[in-house]
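One chain, subunit A, links the two complexes that follow: it is found with subunit B in the first and with subunit C in the second.
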Partner chain A sequence: MSLFTPLSWNDTGFILTGILNTIYISVLAISVGTVLGLMIGFIRSVSTQSINFVLGSILDVLRIVPLIIQLILFSTFVGIMGHPLPPFASGSIILSLYTMAFMTEVFRAGFDNVSKSMGIAARSLGMTYWQSMRYIVLPIGMKSVFPSWMGVALSVIKDSALVSVIGYMELLRTSEQLITRTQQPLEILLGVGLFYFIISYPLSTFGRYMEKKMAI
Partner chain B sequence: MGDYEFHWLIVFQAFPQMLNGAFVTLHVAVFSMFSGIVFGVLLAIGKTSNLKIPKSIASSWVEVARNTPALFQIYMAYFGLGAFGIHLSPYMAVLCALTFVNSGYLTETFRGGLQTIPRTQYVASWSLGMTKFQAYRYIILPQMFRRVYYPMTNQFIWSILMSSLGILVGMGELSGETQRLQSLSYRTLEFFIIAAAMYYVMTKFVLYSADIMSRRLFKGEI
Partner chain C sequence: MIQIQGVHKSFGALKILKGIDLEVNKGEVVSIIGGSGSGKSTLLYCINGIEDIQKGRVLVDGVDVHDKSTNLNKLRQEIGMVFQQWNSFPHLTVLENVSLAPRVVLGKNKKEAQELAKHHLQHVGLGDKFDVFPTQMSGGQQQRLAIARTLAMNPNYMLLDEITSALDPELVGEVLDTLRLLRDEGMTMICVTHEMAFAKEVSDQIAFVEEGIIEEIGEAKQVIENPSNEKTKRFLSKVL
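Now for the complex of A and B:
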């Protein structure tokens, strides 16, 4: 009898769980990161230099320390504090914060793109501050940063593979375990690569299309 | 704070080894960046040319590099190539994977840079009797590198950060070395805090020196 069992159709469910977990954690991190990034981006674009400096240096840490180290640090830290979290929880918290740090800069640029005079013009039409935000600044600003938003979202989908380090069963970790069992690294890895490519390629093409469309 | 006691002494004793790891990190980042620039320039020229084969090679390289996770590339280089009988050391696997991704991203950057250079410059350099190679070497590329200097800095920082994936294939760069050292004493938190600080210092240092260098190189005209 052979020591290793080859890949079979019975593994489909296992791989599918991995795929769904990857999609799940990426969508969660992107949504939470977008909402938080929008809020902090707004705060950064309106606040004074000193507040910006403090906020900026905190976000800098999130962007500069490698994601893998952040994940290890956070999951060890909560364990030491006496509240160990499951891999999914700590993974999605860190991935969301990481996304937030990048999204903040994206949205901040969006708010800064809308010129001050446009906001003033809206106010002179009799709009309240929130109306001018809602109908003028947000739509124009957000539209202009859509391609960069897409870029960050795509990089988060790809970086979600790193959550495997703390034990979350996403696609790459599933495939790693299958490789250990079947000893067929090439077939499995090519399948995994194809999956990421199929998700990421249409989105990046769409992002580039939008960028071109807006440039004119 | 629970009842956790920090033990820093053991980390400071291992500090020289961590510095060594940081050196390997910089080393792999620099090498992957240099080879990425070489491949990137070639691919960008291929992508802007009208020849079919170089164009399709360049575009498929770029799309694969940009649309799959870096971790996947590293696994591919480390486990996947074994199917062809190519067994790379962890260092070589990470270097190859980072080179592949770097050249993919840099190609797009360089292509953008090349497009900003007006067509007339090519024609003018040919009319001076320069060969195609000379035109690129003396006229086109120097201008392109000046325009893509900042995106290139970002790519270099990305390489430093992404080399931390070497931890997963047992490479001895900063993260991998930290992982190995902490497994001797299980002082995970202390070791990784120091590693995070070292990444922070390295990245900031690179950013500042890139800024100073750009001032010396381009004298403010970018």
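Now for the complex of A and C:
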């Protein structure tokens, strides 16, 4: 039996696992990142300069340090501290925080985009602060930043490929293993690229559709 | 009845209102005129508690607006406000713009709130615009929408902050007509306005404000046609 075996239909399940894991960790990171980003974005838009300085600095670290370094540092660090985490756990934590850092700026801009007078108009009708947020400021602000939100979400799907470096079996790592075995890098990488496209394209189309629908 | 007693208001070191006294009775229309930066709009914002004050007090039907224990959300249901920039909610249809507050603030169900909204929209002549978004309408229509939105809360008082100032001249008339309608129905209104002819026509009283002080207040026709205060005369000679 030869050392290398070519790609075959038997590999379908393996590849499918990779695809599903990529989707899984992306959806998780985008969801967690969106919720946290929304909360911190709100805090940033109403906070004083000094609180913003502290928050901004922390978020800047997450945004500026390359994701691949954050992943390796974090998974190594928790290992050294005696609490090694499985690749999926480390990967989701870092990817979520990384997404959060970008989403925070998206949502902060969203809150800042809504003129103060909108809130005042809502309050003058007798709405409480939170009602004016919930019904007026939040929907108007979120609508204005939807394209940026979509941009961050799409890039997180691509960035999730980096989680492969700490051993998570997502699409890229699956394909790397297949390449090692089959020595068919061209076919496999082409296929993998196509899959990222297939995952992302419907999303970006949906985004454009929503944008058009919301642009009144 | 709205009673403004010795109200002082400043933003930091900048004194905007320097002791304002004014009484507005039920059913009365009072216009406030004066140059820009005189404190007219700020005075309105102090009446519904959007702005706090440093001294004096504002009583609305005997309730102290700036008292800590006053429920401002409740009080604001009694005091409608319409703004210079109309502030229609861009993400909601015309019907939703008007029905939102009755629904979430007054707790009406969707159907009730929509019926109410339709009634008030028809009242201001927007009966054919229910499903349109505000940004597709003219400024005058948006301003009438803002009036309907306020009326749907069934307020006892209306504060109108230069509501025709941002409109193209040809759209001013339709908004003023709506105000005439409200006056004829007995709505109590305080209007900050630059429309002197309109102020003279609809108001019971006119107050002239300069540098945070009411320099002259009196019967509308008298203040415009025969002001007694030198500052009022100077101001009117510039704007008339």
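Observations
To be clear about the criterion, the second predicted complex is superposed on the first by the 203 of 216 C-alpha atoms of A that agree within 3 Å, B and C clash if a C-alpha of one lies under 4 Å from a C-alpha of the other, contacts with A are read in each partner's own complex, and residues count from 1 in each chain.
Simple rule for what comes next: a residue touches a chain if its C-beta (ideal position, glycine included) is under 8 Å from a C-beta of that chain, and two chains touch if they have at least 3 such contacts.
The shown structure was predicted, so the numbers you read here are calculated from the model rather than taken from an experiment.
Within the superposed three-chain model, A:28 lies out of touch with both subunit B and subunit C [touch as defined at top]. Of the two partner chains, subunit B is the only one that A:77 touches; subunit C does not reach it.
Using the contact criterion defined above for the overlaid structures, shared-chain residue A:19 touches neither subunit B nor subunit C, since it reaches no partner.
Once the two complexes are laid over each other on the shared chain, residue contacts for A:186 go to subunit B alone; subunit C is not touched.
In the superposed pair of complexes, A:165 makes contact with subunit B only, with no contact to subunit C. Contacts of A:85 after superposition: neither subunit B nor subunit C is touched. By the touch criterion defined above, A:201 reaches subunit B but does not reach subunit C. Contact with subunit C, but none with subunit B, is seen for A:131 once the two complexes are overlaid on the shared chain. Residues 1-2, 4, 63-64, 66-72, 75-76, 79-80, 82-84, 157, 161-162, 164-165, 167-168, 175, 188-189, 192-193, 195-196, 199-200, 203-204 of subunit B touch subunit A in their complex.
Residues 61, 64-70, 72-73, 76-77, 80-82, 154, 158-159, 161-162, 164-165, 172, 176, 179, 185-186, 189-190, 192-193, 196-197, 200-201, 204 of subunit A are the ones touching subunit B in the complex.
Across the complex, subunit A is touched by residues 48, 50, 73-74, 76-77, 79-81, 83, 85, 87, 89-91, 100-101, 104-105, 133, 135-136, 146, 149-150, 153 of subunit C. Contact residues on subunit A toward subunit C in their complex (touch as defined above): 117-118, 120-128, 131, 135-136, 139-140, 143, 216.
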